[in-house]
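The data blocks that follow each hold one structure.
Each of the next two complexes has chain A plus one more chain, namely chain B in the first and chain C in the second.
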Partner chain A sequence: MSALPGIASIAAMALYAAFFLHAESQAQVLGLVALAVVGVPVLARVGWIARTATSLEAHPLAARSASVAALAATIALFHDQHFVMLMLASVALYSVACLGLTLQFGYAGVVNFAGAAFLGVGGYTSAVLGPHVPHALVLLIGGLLAALVGSILILPILRTRGHYAALITVAFGILFRSFVEVNDALGGPQGLQVKGMNLFGWELNSPLRDLSFYANYVFVGLALAAAAFVLVRRLERSWVGLNLDAVRLDETAAAVFGIDVARWKILAFTCGNFFTGIAGAAYAMMTGFVAPNSFTFGDSLILVSIVLLGGLGSAWGVPLAAGIVLIVPEKLQALQEYRFLLYAMLVIVILLARPQGLIARPAREYFPK
Partner chain B sequence: MDVGLFGQYVANGLMLGVIYAMVAVGFTLFFGVLDVIKFSHGDVLTAGAFAGLATYGGLQALGFASPAVQLLIMLLVAVAAMAFLGALIAKYLVLPLRTAPPLNTLLLTLMLGAALRECVRLFYPQGANPKPFPRLLPQDAVALGSFMLRLDNALLLLGGLAAIAAVHFVITRTKLGLAIRAVAQDAETARIMGIDFERVVLLTFALGSGLAALAGIMNGLYYSEINFSIGLLLGVIGFSAAVVGGLGNIYGAILGGFLFAGLQTAGAVLLPALLPQLPSAYKDVFAFAAVIAFMAWRPTGLIAEKTAERV
Partner chain C sequence: MHNCVPRVFWAAALAAALALDAGAAKQTVKIAYIGPLTGGVSANGIGGRNSADLAVRLRNADPKARYRYELVSLDDECKPNIAVQAATKAASDNSVVAGVTHYCSVAAIAAVDTYHKFGFPAVVWGAVLPDITYRNNYAEVHRVNGTMINQNDVAAKFMTGLKYKRWVIIHDTTDYGKGHDKYFTEYLTKYGGQVLGRFGVTADQQDFTAELTKAKELKPEVIYFGGLTPIGVRIRSQMERLGIDAVFEGTSGIKSDSYIDGLGKLAEGSLSFIEGAPWEKLPGGLYFIGKYAQQKYDQGPEAYGPFAFTAAGLIMDVIEQVGPNRRKVIEELRKTRDRDSIVGKISFDDHGQNVVPLITKYVVQDGKWVVWEDSEYASGRRKLK
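== the complex of A and B ==
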């Protein structure tokens, strides 16, 4: 199998993304959405998508290089447009958070419907510590604090299962939002201002040459996303991932084989929250403020829908789904009011038509070729 | 604290409790027959309240002035419409996903809830603004010492309790109820015994959704105002109540509903009394923290499902 079909598909996707980001008029945007809605099933029918998948799996290096090249081309093309750069940076940072959720939902099978709350812990950390502490440290502390706050939930989560565990995180998400809303020290409903990021003297809010200043955040976001991606993929392939899979698929069987179920659940939950906290801290520095209304139950659902749309446990699916979930509603701006309705219906249709997600996680290979 | 104020808090707590219990019963019914959580339940409640309001508008235009007749027709229309909607949702969105992972059903119904909410906001005339709900119940009040018992509140409380009792009657004393319990216990065996599985599931969803419509109208009558997002918090609270009580158990759901209302009221009353620097706005924080702590103590709720895991 040659690498060509894979590279051609990535190039086509990048081209499509460029057209989509460039489209100004509503007719163009709708036309492109319709093209994808009709075109992707047709491509799947003629077997092109399966060929792409096998080709990319056979040539991982080509897949990675082509993805990086496509990203670089997109950034070069839109380097001075604030909106596009903001979108790309958001997609990168949301990918970090959702890779954290992938560890929880996808590998260990620990549900977490409070993703936005952990983003919020990170965000409020950078609001409070931003003026006093070096920002690289703030990102780290944001992640650690999110993990620490999450550890409150470990005991109830370990004792419960299924929908009962889901309720605990739902309750925590709402609790967090109510808490920051009524807490005057954290700015109440208005929230707090956050200083722009400054990494080792590099002021991210001042643009480099003719680049949009958001481009700086794109670079930082992509670096974080790449680190998270590599880490998650390594974990998945390692014995740790094997243990997590065993815990998710059958707790009883895993325990019988001597796997410490509680230990792996705690590890996945804590690591996932750590990722989410870092993403939240960086995101708050980019947007310049944090407010309770950015961390509602609905925002947690957006994170979960990215994970499920991408395909549960599929690291490649996360950035793709994050792109769709974040960019499509923004581009449908002229439909204004109707975009959330359309978006909700789109997710319902995808769930009915492709319950395993856009890029389903392939079965584990025990003997790498 | 004087008796009148205390009575007021108790009355308020009971009122909230009955509404929460009605929502929770719906969650627990759906979970019983299909083992799914239908998160759009709260938004079905909103839709029911708005259906009632629209009917009221229609009746006003037609010239029916008697509040009792108006209320009766509103209830009939809203309950029937939501029961139909509930059955539709079950048939076309929940049943097709039976074989998919439970997370998918959860997300699908969550998205459906968002879609319903958006539909109310966009397609109801000026749906984005809070709407005054007509006061159709007598507004008199009876003084019991220093406690003013409002007649409309008493009627609402009785109505809610009667509705829950009626659902309980259907579940425990009728043939349909027997079928629902059979499906809940073991769908496969129920089918072998000649129970039409799909029909029972659809009727259960209709029953639960009709109850939600009733709760929506009661909520409107109690607060005299509704808006498109009331269902979001009520849905989460109803879900919490059903889980705290123990999923699949109707008594558990009722108990959970009153327990949650009690927690909220206690949070609003006791927190400022014990810690004066804390505003009563922390009542939701308190209630949800209590739910988390409770789940750590009783991981399967007050009345646990009877399950034995076979390996």
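== the complex of A and C ==
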């Protein structure tokens, strides 16, 4: 099997993404959406997508290089367009947060409907500590605080299952929002300003040459996303991932085989929240503002929908789905008040056609070839 | 600002060339509208969008206009992060000259930094938080509607004008209540009133006997209340029980029908001050509503629609004067003094805040909120305490 179909597909996707990001008018955007809705099933029918998948699996190095090249080309193409760069950076940071969620309910099966609250913990950490503490440390502390808050929340989650555990996280998300809303020290409902990121003397809000200053955040976001991605993939392949899978698939059976269910759930939940907290801290520094309105239950659902749309437990699916969930509604601005209507319909159509998510997680290979 | 200077220069050069060629078609100039088009407050956002759109259509129908205008509407979802996105989208697009921006305070305060970064002239049409114009001194940011500062300026001036001298202030301890306390005190002192005492209460407090007993000993002529309807109702009724014979002066927070429903006859004579006015009371209200109705929009303009209309009109006036150049538009906007509009005169102070914004005074008369000037209290047939 040659690497060509895989590389060709990645190139085609990058080209499509470039056209999509460039599209301005309603007709162009809708045309491109329609092209994808019609084109992708046709490609699947003729077997191209399956060929792409096998080709990429057979040549992991080529797959990675092609992805990096495609990303680099996209960035080069849009380097001075602030809005596109902002959206790319948002996609990268949301990917980090959603990789955290993937660990939680993709692998260990611990549902978390309070993703936005953990983003918020990171964001508010940036707002409060930003002026006083080096920002690399702020990112770390944001992650640690989110993990810490999560480690309290995990107690009731461990005592419940299924819908009840989900309800606890929903309640926590609402609790978080009310807490910051009534807390004057945290700016109350009007929120807080956040300083732009400064990493070891590199001021991200001042542009490098003729790049948009948001390009700096794209670089940081991609670095974080790459780190999270590699970590999640390694975890998945390792014996840790094996244990997490066992816990998700059947808790009772896992316990019978001597797996400490609570321990793995705690690990996955805490690590996941750590990722989300870091993403929240970086995102807040980029947008320069945090307020309770950005961390509603609806925002948590956006995170969950990215994970489900990408394919539960699929690390490759996360950035793709994050791109769709964040960029499509922005591109549909031309539809004004109807844009979420169309966007929601699009998501439903995708999930009807691909109930396993865009890039379903492949079955684990217990005996590598 | 990066990169936009040369293109703006080209645009200006092009504009000049077009102006020379009198027979040429009009150049198209884009202005942005940003407001909440989806979510809980979308009715206000859509009303504002329609009103701004109306201003653009009227201008395009005017043969004397130098440019043809196009409105680019963006949704901020009333969320700060989305507002920054929308602001970046509008401000980084060099073909968009200026913006009519934000209904929600939280969206506006998040986006002002973006406007400043990109040198994008923005005129806020609905958000009321004072900080939006006053926290920074961004030349780019302006606001046509009033804030709680202006509300209290008008309230203090009006009440001292009625010869009241002695106040007790009760406010809730939210940003809203504390802000009202701060600005009312400031203006009251300026106009010669005296604050005998002030009490902070929590927003869900039930019993105010302690505060009101102390207040009674101070013998105020007016009890000023900075807070929202629910505790406003409780305080007013407990005042009666303790036999406090003072005028009850509220803020925009109690101007609601539920205030009157909750108090019945006791509501009589309570005062409230709010930014804006019903359209019937606007200087150009009839004109605005007439034109709005002609366009057959699905939804009404809502309370702040006239301000969005005004902001869009103001921006287009300035562009007509100085051309579609952001820097010049900012300079010219700043100079706005005593400009007539459908919401009254507009004058920006050195922070870009309209200092003569429209504030309407209301009094409860026979179970209804009545504009003060139309009430029997103003005509002298009834008397406040």
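To be clear about the criterion, the second predicted complex is superposed on the first by the 369 of 369 C-alpha atoms of A that agree within 3 Å, B and C clash if a C-alpha of one lies under 4 Å from a C-alpha of the other, contacts with A are read in each partner's own complex, and residues count from 1 in each chain.
Definition applied: contacts are C-beta pairs under 8 Å (C-beta built on N, C-alpha and C of every residue); 3 or more make two chains touch, one makes a residue touch a chain.
Just so it is clear, the structure is predicted and the values come from calculations on it, not from any experiment.
For A:210, is the partner it touches chain B (first), chain C (second), both, or none of the two (neither)?
A:210 sits against chain C, while chain B stays out of touch.
Please work out whether A:340 is in contact with chain B alone, chain C alone, both, or neither, and reply first, second, both or neither.
So A:340 meets both chain B and chain C here.
Touching A:330, do we find chain B (first), chain C (second), both, or neither?
So A:330 only meets chain C here.
Once the structures are superposed on A, label A:288 by its partner contacts, choosing first (chain B), second (chain C), both or neither.
After superposition on chain A, A:288 lies in contact with chain C alone.
Once chain A of both complexes is superposed, is A:54 in touch with chain B (first), chain C (second), both, or neither?
Neither: A:54 stays clear of chain B and chain C.
Based on the superposed arrangement, let me know which partner A:82 touches: chain B (first), chain C (second), both, or neither?
The second partner, chain C, only.
Counting only touches as set out at the top, which of chain B and chain C does A:151 meet: first, second, both, neither?
neither
With both complexes superposed on chain A, which partner does A:190 reach: first (chain B), second (chain C), both or neither?
Second partner only, chain C.
Who contacts more of chain A, chain B or chain C?
Here the partner covering more residues of chain A is B.
Once the two structures are superposed, pull the chain A residues common to the chain B and chain C interfaces.
Residues 337, 340, which sit in both footprints.
For the complex, which residues does chain A have touching chain B?
105, 111, 153, 155-156, 159-164, 166-168, 170-172, 174-175, 178-179, 181-182, 252-253, 297-298, 301, 304-305, 308, 312, 337-338, 340-341, 344-345, 347-348, 351-352, 355
Flag every residue of chain C that touches chain A in the complex, lowest number first.
Those residues of chain C that touch chain A are 2-3, 37-38, 42, 46, 49, 73-75, 78-82, 84-86, 88-89, 91-93, 104-107, 109-110, 113-114, 117-118, 129, 131, 174-175.
In the complex formed with chain A, which residues of chain B make contact?
Spelled out, the residues of chain B in touch with chain A are 31, 37, 93, 96-97, 100-104, 106-108, 110-112, 114-115, 118-119, 121-122, 232-233, 236, 239-240, 243, 247, 279, 281-282, 284-285, 288-289, 291-293, 295-296, 299-301, 309, 311.
Enumerate the contact residues on chain A facing chain C in the complex.
Counting only chain A, the residues touching chain C are 80-83, 86-87, 90, 184, 188-191, 193, 205, 207, 210, 212, 214, 283, 287-291, 293-294, 330, 333, 336-337, 339-340.
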